[in-house]
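Consider the two complexes below, in which chain A is the common component and chain B and chain C are the respective partners.
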Partner chain A sequence: MQRMIARRRERGWFRDTLPFWLILPTIIVLLAVQVYPAIYTVWLSLHERVPTGWNWVGINNFTRLFNMGLFNESMGHTLIFLVGYAGLTMILGFFIAQLLNRRLRLSGFYITLLFIPWIIADIIVGIVFRLLVVPDYGLFSGILQNATLLGPNGISVLTTSRPPALFGAFPFPPAPAMIYLILASAWRALPFITLLMLAAMQTVPNEIIESARIDGASGAQITRRIMIPIMLPTMVVALFSLTLSGMNGVGMVFSLTGGGPGTATEVLSYLLYSIGWRQLNFGRAAALAMLIAVVNWLLISGTLRLTRVQERSI
Partner chain B sequence: MSSIPFLSRKQSESILANLLILLVCLFAMIPIATTVLISFKGERDIIRKPPIIFPCDTPTQSFDLSACRWATEGYERVIAARPSATSPLGFAITGRLIRTYIPNTLIYASVSSLLVVLLAGMSGYAFSRYRFRGHGALMTGILAITGVPLLTNLLALYQMGTTLRKANLPFYDDRFLIIFVYIGFYLPLSVWIAKGFFDAIPKELEDAALIDGCSPLGALLRIIMPLALPGMMAVFLLTFVNVWNEFIAGYLLVINNAHKPAMFGIYEFLGQNIINLQVLAAACIIIAAPMVILFLFTRRSFFRAMVEGAIKG
Partner chain C sequence: MKRLWTLAPLLLVAAFVLAACATPAAPPAEAPAVKDFVTWYQYDQDNVDPASDERVGNEYLRQTMPLFNTAFAGKWNWVNQPKAFDKMAAEIVAAVQAGGDVPDLFEMGSGDLNQYYQNGTMQNLRGWAEQQSWWKDLDPSAVAACTGPDGGLYCVPLSSRPHLVYVWADRFPNGYPRTPEAFMAEAERLKGEGLYAITFFGSTAFDGEGTSRAIWTTVASFGGSFDDGQGRMKLDTPENIAAISFLREIVAKGYAPEIAFAGGFQEEEAFKDASAGSFPTGLFGYRYVNPLVAPDGTAYSKGNEQDMLDAIAAGDVILSSFIAAPGKQPGCGIEVNGMAMPVGAKNPDAAYDYINWLMTPEQNGVFVLGPGGGFPALLTTAQTDAFQTPFYKEAAKALSQSQCRSWYGTLNRVKEAQSLIMKTVYRLIKEDPSLDIATELQKAQNEYNAGS
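Right after this comes the complex of A and B.
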C-alpha cells in the first residue's frame, strides 16, 4: 500500500514536471551549440594565440583589425553589396508579388516554379552563375567580352578589376564581379522575399482598395498610400532578413568569385574566413565575428520588436 | 489596355499579368536551363569560342536538330565508373562525390532532421500546452536565437572541435560534432514551427483522452502526434534541405576528408575542374536535383512550414 502511494506520488511528480523534461534536451543543445560558443567567441576576441597557449591582449585585436586596410575596404564592399542586394531583391520582390496577387488561375504553378532557386544551395548557385561568365567559354562572356562599348576588350566578369574609386578609399564604383555577385544573390533570395511580400499584400483588405478605387484613386496612389503603409512592417522584416543573410552568407562568395578579382568582392563574412582559417589568426577573426554579431543582434531584435507589434495588433 | 478588341478591361489585364509573370519565370529559369544544357555538352563544344547555347550547329546551319551532339561525358566523369570484378554490377563507382560525400550528407541530413523533429516536437508541445514559470522568458530566448547565423559562432565551434579531438574520446569523431551543430542551429526555428502546429490542434481532444484515463504521455503519443504528423513532416523537410545545402560549417568543422559533406565535394570539384564546365554542371545537377524534386513533390509541406516560420525566421 505504502509503495503504491509512493509510486503514485512519484508519477504525480513526473506529471507535474513533464514540461520541464520535454524542454530540457532542447535547452541543453542550444546552450552547447549557440550560447556557449557565443561567450567563447567573446573570450577569443580578447586573446591571442601564442605557441604556449592563449595570451590576454584586451582590445588589441579590435584596434589591429581597424588598422587593417583590407578591413576598411571590405566594409565598403559589404555596404555596396548589402545596398545592391537588399534593394534589388525588395524592388523585384514587390513587383512580382503584385503580379501574383491578382489571383491568376496559374498562381500556384508560378509560385512553385519561381521558388526553385531558393531550394538550391548558395554554393551551387555560385557555381551555376560562374559557368555563365567563365572567361572565354561562358555563355555571357561571349557577349560581354565582345562588347567594345564597355571598354577596349569588353568585360570579363571574373577578371576585370575595379575601376578607379570616385570617393577616396570607398570602393565605388564596384567591380563587375561585385555587381554579378549581387545579381546571383538576389536571384536566390527573391522567391522568399516575394512570398513574404505576397503574404503581406493578401492581408490588405479588399474593401479598402475597392472603396479607394470608387473614390477615384489611381493604381499608383493605391499602392503608395494604402498597400505600402499596411505592408511596411513586413517590408522592414524582409529588409532585415535580407541584410542578415547578406552579412553572413559566404557560400556564394566562395564558389562564384573567391573574394576576387584581387580583393574586389572580399566582403566581411569572407574576410572572417580568410583571417581565421587562412592567416590562422583566431583572435582577430573573433573580433570581427563580434562586430558582425552585434549587427546581427540589432537586426534580430528589430525583427522581434516588429513581429511582436504585428502579433499584438492582430 | 482597353486597346485589345473583344476583351473586357479585366480580361486583358489578366492576360498581360500572365504574360509578365511568364516572362519573369523564363528569366528566373535561365541559369538552371543553361546549366542543364552545359551538363549535356561534350568537351569539344564546351571550349568553343565564341560559346554556343545549343551544341547543334553545323558548318552551314546555326541550329539543326538532327545534328545535335548531346553527350553524357560530364556525368560519366562525376560518377567515374570503373570495371570491377568484385562488384555485383560489374563496375564500381569511383567518383568521390557519389561514393563518399553524398552518402555522408544523406546521413547528416537524415539524422539531424530526425533529432530536430523529436526535440522540436517535445518542446513545441510543452510550450503550446503548459504554462509554467519561465515560459515567456524561455520562448523569447529561443526566438532570439532563431535566425542567429552560423558564421559568427564558427571560430568557437572550431576550437571546441579541436579540443574534443585532442581529448581522444572513444567512438567520437567529427560526425558527432557536425550533427550536433546542425541540430543546434536548425532547432530554434523548428521549435517555433512545431509550437504553431500544436497550437492549431484543439486542446479538447486531449482533455477528453485524459478524462477517459489516458496518461499525458499517452495522450501526446496516441492523440496529438498523429494529428501533428503533417507539421512534423514539414519541420523534417525544411531541416533536411537546410542541412543538405549547408556549406561553411561542413567545410570547416569536419577535418577528416572521408567524412566531409557533399557541398564540400562540389567546392573541391570547382578547384579541380575549373575549365571542365560540363563536369561542374553535371555535379551541380546531381547534388541539387534531389532537393528540387523533393520540393516539387512536397511543396505544400514547405509552404506550410514557411508560413508558420516566415515572420519568425
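Right after this comes the complex of A and C.
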C-alpha cells in the first residue's frame, strides 16, 4: 500500500515537473546564445582593457562616446540612411507589388528577375556598385563627372563632399555617396519587401474591391481605405525588417563607401565595427552596441505605436 | 509504461548529446609524434591565382612550407591558416581574450604592436631571443620597433618597410622636385598637359590608413609630428599646419586626381597609367602597383611585382625621397614586419624552431624578398647579393636622404589616433578647405587627449 502511495507521489512529481524538463534544453540554449552575450555586453561596456586584464571604468566608455565628434554625426547619418532606405524601399516595393498583382503576362518571370538582388551578398553588391562609380575609371563616372551635364564640376559619387548643412550640425542634405548608398541598399532589399507586399495584396478579397468600385471609389481611395488597412500588419513587419537591417547592417557601407568620403556615410553600425574591430576597443564598442540596442528598441516601439494609432484612425 | 516509452527517446537524445560533448578518446600510443605548428599569415598557400594581390606571399608559403616540413620531419608539421590583412588583428585579439584557438606564431607589423600590447595579446620573447645566435646581428632600430612600452620584445623583426616615392622619370625630366615651391611649379606644368603631379592615399578608408602613408610622409618632411613625446597627441604645431596647407594647395589646384580620395587602394590606378607622375607609398608597394604603362607608352604587363621591378631597371620609374620644407630633411614612415607569439600558443617550441629556421642565411633572404617586402632586419642578410639589385640600390639611395620614423611616436591608442588624424586632415584638405587648420587640429588633439 505504502509502495503504491510512494509511486503515485513520484508520478505526481514527474507529471508536475515534466513540462519544465521538456523546455529545459530550449532555456539552456536561450541562456547561452541570448542572455549570456547580452549580460557580457553590459559587463564589457563598463570595463576597459589594459595589458594585465580588464579595468572597471564605470560609465566612462559611454562618456567618451558622447564626447566623440563622430558619434553625434553618425546618429544624423543613421537617421538619414534609415528614413531614405526604409522609405524608398517601402514605396517602391508597394508600387512594384501593385504592378505584379495585375496578373501581367510573364509575371512569374518578372518575379524571378526581381529576386536576383536578394540572393547576392551585400558585400558583393557594394563592390559592384562601387566599381560603377569609381572616380575617373568607373563605368558611369564619365557621365557623372561630366561638367557640362552635371553642374560646374560634375559629380564624383565616392568623393564629392556633402553640401553645407541646412540645420546646424545635422548632416542634411546628405553627400552624393549617402544617396548612392541608400539606392544600392534599397535595390538589394526591394525583392523581399515587394514579395511581402505582393503576398499581402493577394489576401485582399476581390469582392471587396469590386464592391468599392461599384460604389464609385477611385483607385487611390481603394488603395488608402481598403488595401493599406488590410495590408498594414504585413507592412509593419516589412518596416521592422528594413529598420533592423538598416540599423545593424554594415556590409554595404563597408564595401561601397567605407564610411566616406570623409565621414559622410559613417553610420552607427559602421562606427561600432570601426571601434570594435579596427581599434580593438571592445569596451567602448560594447557601450555603443548597447546604445544601438536602445535606439533599435525606440524605433520599433515608435513604429508599433504609430501603427496602432493609424489602425484606430482607420 | 506508455510514459516510459515517451521518455526513452528523450534519454537517448540526451545520451547522444553528452557523448558528443565528451572528451574524445586518447589517441593510440603508436600515433605519430609529429605535432602541428600553426601560423597565421595574410597569405594563402592554396591561392594559386596569378592575379591575386598577395601572390608573392602565397607563392612564398607554397615554396617554403614543404621545406620546413622536410627540415623538421617527424617533429613539426607547419599548418598555415590564411587571414585577411585587415581582419587578422581583430581575430587574434578576440581569440586570445576568448581563450579560443590561437596560432603558435602570427605575422604582424610594428604599427599594430601597441594595440596588441594594450589587449594583452602577445608573449614577451626577449628572454629567449637574446640567447639566440642571430640576436646581435639584428638592426637595433628594428628591435626598437618590436619593443613594447614595458621593454618587452613582442615580435621578432624580420624586415623594415620604409616609405618612399615612386616617380615616373619622364614626368619629371629635371628630377623629382626637392622643395614645395619647385613641386608646385612642376605640378602646374603637368596640369597644363592634362596630368597630375601626384596621387596618394587621400581617403579615410581602412580607418585612416592614409595617416601612416602620404600624410605622415608630408608632415615628417615639414618637420612635424603627431605626439608630444609623452604619449599625448600634439597636432596644432606650425610644422603640421604648413604640411597640411601644402596638401590643401595640391588638392585645391587639382594637382592630384579625384581617385586619390576614393579609397580601396584605387589611388594606385592613376600611377599605373602614368596620369599621375609620382606616388608616395611603402617600399612594398611595388608588389601591388601593376600592370604599368610608362609615359612613353611602354607597357609593363606581366601583371605581377616584376612589372615595377622591370620599370625601375629600365629607368622608367625612379625611387625618391619626398619633398621637404626649406631647412628640413625629407621624412618618411617606417614599419617593421615580424613574427609574434600570442598568449595561449600551444606549441611554442615549434615557434622557436621556426623563427631560428627563418633566421638561417638560406631562409632569411627568401622571407624578406617574399612576405617581408622590405630591407632585412638581419644586417648580414642585407649585405647579400639578393639585396644589391637595381630596385634595392635605388631604394637605399632614396632612403639615405630621408629620416624615417614611425608615425605614431609615443601615442598608445594607435588606431584611434590614426582614424582621428586622417578624418581631420581629410576635412581640411578636401571636404571643407575653408576651415581653420589650427582650430581643427586642436579639436582633434583635445578629443584624443581627453581619453588619455
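In this section, the second predicted complex is superposed on the first by the 253 of 314 C-alpha atoms of A that agree within 3 Å, B and C clash if a C-alpha of one lies under 4 Å from a C-alpha of the other, contacts with A are read in each partner's own complex, and residues count from 1 in each chain.
Heads up, the rule we're going with is that contacts are C-beta pairs under 8 Å (C-beta built on N, C-alpha and C of every residue); 3 or more make two chains touch, one makes a residue touch a chain.
Given the structure is predicted, the values throughout are model-derived calculations rather than measurements.
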On the A-aligned overlay, A:Ile23 touches which partner chain: chain B = first, chain C = second, or both, or neither? first
Give one of first, second, both or neither to describe whether A:Val128 is in contact with chain B, with chain C, with both, or with none. first
Which holds for A:Asn296: it touches chain B only (first), chain C only (second), both, or neither? first
For chain A, which side has the bigger count of touched residues, chain B or chain C? B
Partner chain(s) touched by A:Ala220 [first = chain B, second = chain C, both, neither]: neither
Would you sort A:Ala32 into first (chain B), second (chain C), both or neither based on which partner it touches? first
Report for A:Gly142: first if it touches chain B alone, second if chain C alone, otherwise both or neither. first
With both complexes superposed on chain A, which partner does A:Leu166 reach: first (chain B), second (chain C), both or neither? neither
Which of the two partners, first being chain B and second being chain C, lies in contact with A:Gln279: first, second, both, or neither? second
So, A:Leu70: does it touch chain B (first), chain C (second), both, or neither? second
Overlap the chain B and chain C contact sets on chain A and report the shared residues. 130, 134, 136-137, 276-277, 282
For a test of understanding, state which residues of chain B touch chain A in their complex under the given definition. 13-14, 17-18, 20-21, 24-25, 28-29, 31-32, 34-35, 38, 46-51, 53, 119-120, 122-123, 125-127, 129-130, 132, 138, 140, 142-160, 180-181, 183-185, 187-188, 191, 215-217, 241, 244-248, 252, 263, 266-267, 270, 274-275, 277, 280-281, 284, 287-288, 291-292, 295-296, 299, 303, 306-307, 310-313
What residues on chain C touch chain A, complex-wise? 3, 86-87, 89-90, 93, 97, 115, 117-120, 150, 203-207, 257-259, 261-264, 266, 269-270, 413, 415-416, 419, 423, 426-427, 430-432, 443, 447, 450-451
Chain A contacts chain C in the complex at 14, 49-53, 64, 67-70, 130, 134-137, 145, 156, 158-159, 161-162, 257-263, 274, 276-282
In the complex formed with chain B, which residues of chain A make contact? 15, 18-20, 22-23, 25-27, 29-30, 32-38, 40-41, 44, 96, 99-100, 102, 104, 106, 110, 112-117, 119-125, 127-132, 134, 136-139, 141-142, 146, 187, 190, 192, 195-196, 199, 234, 237, 241, 244-245, 247-248, 250-251, 254-255, 269, 272-273, 276-277, 282, 285-286, 289-290, 292-293, 296, 300-301, 303-304, 307, 310
